[in-house]
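Reviewing the structure listed below.
Labels run A, B, C, D and E following the written order; every chain starts at residue 1.
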Amino acid sequence: MPATPSGSLTAPSRATGRHRSLWMDVWLAFRNHTGALAGAGVFIAIALAVAVGPLIHTVDPHYLDILAKNQGPSLKHPMGTDNLGRDTLAQVLAGGRISLAVGFTAMFIALVLGTLVGVLAGFFRGLDGLLMRLTDMFLALPLLPLLLVVIMLFRDSLRAAFGPETGIFLLVVFIIGITSWMQTARIVRGDVLALREREFVTAARSIGTRRRRIITRHILPNVLSPIMVSATLGIANAIITESALSFLGLGFPPDFPTWGRLLFDGANFISVTPARVLWPGLAISLTVLSVNYIGDGLRDALDPRLRGA
Amino acid sequence: MTHYIVRRLLFAVPTLIAISFILFALLDLAPNDPTGQLPLTIPAEAREQIRESLGLGQPFHIRYARWMEQFFVNEPLNLIEQAFGIEIGDSESRLRVRSWATRSPVVDLIIERLPQTLWVVGLSYLIGILIAVPIGIVSAYRQYSWFDQLGTFVSMIGFSVPTFFTGLLAIIVFSVALQWLPSIYDTTHRVTDLASFWLQIKQMAMPVMVLALFNAAQISRFMRAAVLDNLTQDYVRTARAKGLRERVVLFIHVLRNSLIPVVTLIALGIPTVFGGAIITEKIFRVNGIGELLITAIQGADIPLVQTLSFLFAVLIVLFNLIADVLYGVLDPRIRYG
Amino acid sequence: MTAAEEDRQVEPVAGPASRQPVLSVRDLRTRFRTPDGAVHAVNGIGFDLHEGELLGVVGESGSGKSVTMLSLLKLLPMPPAEIVSGQALLDGEDLLALDPARLRHVRGAKVGFIFQDPMASLNPVLSVGYQLTEPLRTHLGLSRRAARRRAAALLEGVGIPAADSRLGDFPHQFSGGMRQRVMIAMALACDPKVLIADEPTTALDATIQAQILDLLQRLRRERGMAIVWITHDLGVVAGLADRVMVMYGGQAVERADVRSLYARPQHPYTRSLLRALPKIEGGSRGERLASIPGQPPTLVRAPDACPFAPRCAHAFARCHAENPALAAVTESHEVACWYDAEAGVPRAA
Amino acid sequence: MPPEPLVAVENLTKHFPIMRGVLRRKVGSVRAVDGLDFAIHPRETLGLVGESGCGKSTVGRIILRLYPPTAGRVTFRGEDITALQGEALRRLRPHMQMIFQDPQDSLNPRMTVGSIVGEPLREHGEAAGAALRERVEALLEAVGLDPAFANRYPHEFSGGQRQRIGVARALALKPEFIVCDEPIAALDVSIQAQVVNLLKELQERFGLTYLFISHDLRMVRHVADRVAVMYLGKIVELAESDALYEEPLHPYTRALLSAVPTHDPEREARRKRIILEGDVPSPAAPPPGCRFSTRCPVAEPECSQRAPEWRTLRRGHQVACHLAE
Amino acid sequence: STSAQAERGSDGHLKILYWQAVSTVNPYLSGGTKDIEAASLVLEPLARYDDSGTMVPALAADIPTVENGGVAADLMSITWPLRQDIVWSDGTPFTAADVVFSAEYCLNEEMGCNPLSSFTDVTGVEAVDDHTVRIHFGVAKPFPYGPFVGSNAPILQKAQFENCAGARAQTCTAQNFGPIGTGPFKVDEFRANDVVIFSANENYREPGKPAFATVTFKGGGDATSAARAVLSTGEFDYAWNLQIEPEVLEQMVANGQGTLVAGFGTMVERLVVNQTDNDPDLGKDKRSLYLGGTNPHRFLSDPAVRHALSLAIDRQILVDFGYGAAGQVTCNVLPAPPVYASAANDACMTQNIEEANRILDEAGWLPGDDGVREKDGVRLSILYQTSTNSVRQGTQALIKQMWGQIGVETELRNIDAAVFFGGDPASSDTYMKFYADIQMYTNNFDGVDPEAYMANWMCSEIPGPENQWLGGNIARACNAEYDALAAEIAVTASLEERAAIARRMNDIIVQNQYIIPLIWRAKISAHANTLKGVRMNPWDSELWNIADWHR
């Protein structure tokens, strides 16, 4: 039986037909994950509502209509009003912008920090000990007092530089980001440690690939899946942390609506105007829930073992 | 193993010193002054005197050294004295870390707060675990069943709703509407008989419930993942091939392995038990350690904040170590490694 | 420092027809439901296994060897696996029809299993002694003490020195070869009638593999056990097996007495497999090896054609349209092929 | 054989430190490779066999300077490359390449085949843009893959095809010397021959030199001109292929060869096999004297006391055994 | 048990809830109302105010006056006759030595005595005999009832506190947490910032009192949940200081479990208008400092602007929104007692946007492009700060919107109460530093005599670095006429005359709008319907008559 190298030129059966890229595979697997898909749907709906909603429901969230205070849902105020006559829907929409922005930005900071530390520690033996001790230390630092001190120290200078709202936004986002990167760093480091022993990295070295390229081309894309999962968890975590900060009076100024703040302010009025807590509460839960489901789906989709044959 | 523990302990020391320094320095930087809380009528010289008596006004490094001495030498000595009723050295003139707000020694305040924190937060943690572990196991064993789907959903809800909201809801339902449970925790309540025990159960019910829901949500997710991981391992197939009962396979072979990561996770969570659950404590007026901390923070009671924070740091480092040791104890590959 | 050099003699085995088979498998079909569609992993496999006989099962990766054997004891994850049809008679009982409780009494007691990866197949957190005594206590109802004694004897029997003192050790404290011996001891614990060994030496070094092969051969002689030996190495079964089943694409393509198979391979796949191997005796250097073009099938297609047809040099129209069944060439040799390789023409219908 | 070897190693040694204790001090070392001397001549294939963990891969990796050696010297084309660093080392890379054992693991799952094969060219600035694409397609063609596969991802290929991608990558920079680290171990029997044939064909076409690492003695005999047998970090025997297989001198080589099954039931039934006792000792604590002495069927007291020297017997047949004649 | 012969402690257990927890039971060490009121169960003064603001003897046998000879004719001393039947809860007799000690304890400069202001001008305290005490003043004191009147300066037991004088006061934890007193209860257990357990004092002078055997004095949480615990769930008998949005309170009251009690004292929620330039560019040495009138505020120094700001506010809306029955519209900083309340300013009670706009137009403040009024490049843009508190933030938002209607732009800012009211000279966020344009808070005074309170607004009281920003004239308004009146009242003895002067002083402040009064606030608390005998007292501790409480 003559066997030439080209004798096996027939395409592998998996690859026959339409071409599938890596992301296509991820998407296909993601699409099959009912929970993730529903989560993504809900999340997109929330994001859209928050982004576009204020253009449709054009009531100023800060406008006080004291004559219309504590109203139930009506056509004019679909979610009713608060005890100063502010429109709840407008506030939920405005609050969503902040809460989502906080979630995304804080997640992004945590992710960048965590990935950076994780990759450096995992890839460079010399840095590992130092960076991991640093990570341990951050994990051991009690966050709450730290938070307070940072707020006390920097609130005024930030406020002076960026105005009261942007200033506190930067502060909150920065604080949440800087206190939640450690888990990501640990996971990424573990993965990088394993990856650098993988043969394709050795192969890259034997080719003479520069270290920077090894990291960007071979290591980073392969730690993407834990990073993505950390990212979705990070968003949920940041939104919840922001609401806890509001509860403790350390977050945004009171006339600055965020979901956590609305929920907190509305809590006392739960029996007067239930809509005031129902909607922000629902918004937080739905967002966190949907993001969590997205994270679950992403994890399954990005992990080739879970993606199925 | 011993080597390992010793090594970890040795590494913990510089970590803790670094943390203590950071905490001290950061809180020291904060624009606060113990005399800030004093009445305005006090003349400046008197203020200065009070500052002196509280050990301020010294250069930073001296204050730091003094605080370290108080924390690491004086307070432990006092505790030993109290515990054994003995007297070591001159206990009268020993400097103690004092709260600015109450002027009471910080350690006394903490000891006073510990019982309710341990009762409520600790119990909720325990109950959370007790709920979470079986749910995690069943969820994993019957993956994608309705039980699993429901469990996932409920635990995600538990995770995503802030406790200040669930707490309030619980009060409205169980205290206001049904009048079953007290909404205010009585820290001085003593259990002496069945009736008072029942009262204790009732007053703990809501805070414990709210916190347990939150804890269970998290732990059950981990448990499920761990069991799922192990269910597909080859040795499970081996166990089945030996003709073992499904129960034995699950509880002896799978569970043992799945508990390794979960137990360490649980150990890592224990410092948060001591740290209290600030929001829940505030809502139900459990007035435990968490409440102490937040009051101290809001009242700028720096020595109290410093001490509590550092205590948490010590606990976190300690339980990190315990978690690692547990890992070794549970996993022979590490124990004999 | 002893050397065991021995003259290997194959035991005289009674002719297959003369006795009732211990295990008789008929028309076993197993499928996996996957998002990409059903994977037809096993398509109508059947074989007989007699007492004291060693059946070698050969085939390449993914040909369904493991799934076949795991199906017998329902050790597959179900779902996604599903046994579509089949019968597996052991002592007159159909294993595939047993209820879970009865099946447990077969697993480990009547049928022993040795898996490929000795590290992953032992529970890392339980001591070797515990894992060894488990089947003894479950099936034989031995006391803890008695089970331990028996376990020590078993370990001794598979050639682990100072067995008594090693019962408390954990799997990771054993070398790969020793772990595999522990697996063997575990499978033998209840003196099963049938032992299924799924590539038990693939993960081991050549000289250690030789030790294990030797051990199993000895045990088989001593206990008269029937063994199914799965491997992808035609060389291993040559010296070991009484009969060989060659699998391809979830089917048995050839089934024969060992000597007959190697002397007169019938199926084009078997033939090219034998040819693809370089000879240890040398002389092949400088030549190209005969290779089989193409790739193994993925089994997603329904088994309505010969699975080997796409790679077969002799394939003709019928091969792509009809799936051949095993047919006897001689008394002890069956093949599933539309092409008569010896004659060089298609078989008569 | 030409007198000037392409690659030569002298006293090649690699000890991996074992860190233990309170301060992570070094408490010992895994003596993965312990004082090897051998040379590989141009256009030759040197087979390297031995059991798992005996140090075969480590040898290959030191020669390619993927690990720095603990001691000894590596020369390539007469140049001492033992101490090369940084850019100088990078410039050497194109001349020597490696093919890896695991065709799945040695390809980055998130890069397309084209970028994997093209990476060495890009890294060394050999080609870019359309020229790069052309070179990649030519390489894929050379290893028998459809150039249209360049846009696909590794997971879309079979094991044999993946191994071809690895070969194409190794060939990209036109090296003279390739270390093949168990290139067929992970492949199915029916596929192995395809890859071996390809390697031989390329060797003929481009005049390549191979260090062929494998534990498949049968395949090594088919491929290699000379064969070195390793045991626990040492080469115990090195000879022309036929000489080694027909007349093994070292007892370990003999045991190894006897363990290789023939696929002939008749012969198997008659064959004498040497079954060794015991397990391979740990390379962290190799036995004194001859390392094989703990399992050697013919060992004498001397063996466990004195390490045998490296002797050349007839026809360049080298062996390290006190008893070999 | 309503009869006077009822047995002591027969009504069992009383549960009081203060949403701010007690941090010490020694009122000399704390200015917090919660601490002073908790201590008032145990420690008693010589005299106290009843719920009508009338002074009544407590440990004193009688109230000394000039008429009965208790107060010296030259007003330089006061002589208190002490009751002879009083014993401390430990059974030892109460004597003049305890009073003398208490005065010395507070006057010791090293201890940081909180109610030191009560002892202003005291030069000495002497025990005339065992049951007579004489207090000497350095100046003539027409109102000599500062020391030991009211709950913030009660009598400590000398025997207990002897070793806690001066700097040691801070560290006497056992004493500070469990002072021995003469009041109806004694401290059983104290947990800082959590709870105090009291039990009836067996040695209390009035037989059969108190009716309750034990009291739990719980702290922590927030006002709403405190109200809920009394009004909705009935877990507690008494909840203090329920500053909650009225609709929430109303709903709770509707449950029928409890009753609200309110008492109007002198608390006024007000806007303080900065009269000095607070431009951040001025730097530490000039910003918000009164420099003899050389750096007036850019626009708030214009009376027209101040007047317009006041006119634009609809105070009734503020009351309806945040106070309900617990607040009244007011235009005076000194709203009570009735004789002191001026009627000259009632015009401000109704909002008048038109008038406000007219005043601004007239004064040349004209709307710019963005609707904000400006003049000579100065925009009417106000930084308006207050402490963090949801009612205050609501008020801020409402006022911001009202001012918007007269073309005034407002930036809101809120600062944590601990910082805002804290005395840290280094912080720039305290109300004393006043780096904002306008700030809002409540102030009041203890007792019924406004002399000391009104003296706050003299020129010499303007905060600044010389006095560590401790002056009370936060608005930094210096008015010569006002200073003259202040000097006059200090030497006027007749009540009518004093009242007339005080009203005059009040008018100067509010008619110049240095301070814009908004709401006269009541103390508001709730008690269970089963709890009887509660008489809300805005002039003293609201637990002043706890000995009379019963079921």
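Simple rule for what comes next: a residue touches a chain if its C-beta (ideal position, glycine included) is under 8 Å from a C-beta of that chain, and two chains touch if they have at least 3 such contacts.
What you see is a predicted model, and the numbers here were worked out from it, not measured in a lab.
Touch-path distance (fewest steps) from chain A to chain B is 1.
Of the two chain pairs shown, B-E and B-C, the one joined by more C-beta contacts is B-E. Of all chains, E has its CA centroid at the greatest distance from the CA centroid of chain D. Each chain gets a centre from the mean of its Cα atoms; for chain D and chain E, those two points are 90 Å apart. Each chain gets a centre from the mean of its Cα atoms; for chain A and chain D, those two points are 47 Å apart. Centre-to-centre separation of chain B and chain D, using mean CA positions: 55 Å.
In whole angstrom, the spacing between the mean C-alpha positions of chain C and chain E is 92. Multi-chain contact residues of chain C, defined as those touching 2 or more other chains: 272, 288-293, 295. Residues of chain E found to touch two or more other chains are 416. Residues of chain B in contact with two or more other chains: 31-32, 298.
Taken in their complex, chain E has these residues touching chain B: 17, 21, 23-24, 29, 31, 109-117, 167, 170-171, 173, 176-177, 189, 191-195, 197, 216, 218-221, 225, 228-229, 232-236, 416, 418-419, 422-427, 432, 468, 470. The touching residues of chain C, counted against chain D in their complex, run 1-10, 60-61, 175, 177-178, 205-211, 214, 232-236, 238-240, 258-259, 262, 269, 272-274, 276-282, 284-285, 288-293, 295-296.
Listed in rising order, the residues of chain D touching chain C in the complex are 51-52, 158, 160-161, 188-194, 196-197, 200-201, 215, 217-219, 221-223, 241-242, 245-246, 255-266, 268-277, 279-280, 294-299. Every residue of chain A that touches chain B in the complex is listed here, in rising order: 35, 133, 136-137, 139-142, 144-146, 148-150, 152-153, 236, 240, 243-244, 247-249, 260, 263-264, 267, 270-271, 277, 281, 284-285, 287-289, 292-293.
Against chain D, in their complex, chain A makes its touches with residues 3-9, 11-12, 14-15, 19-22, 198-200, 202-210, 213, 217-218, 221-222, 224, 304.
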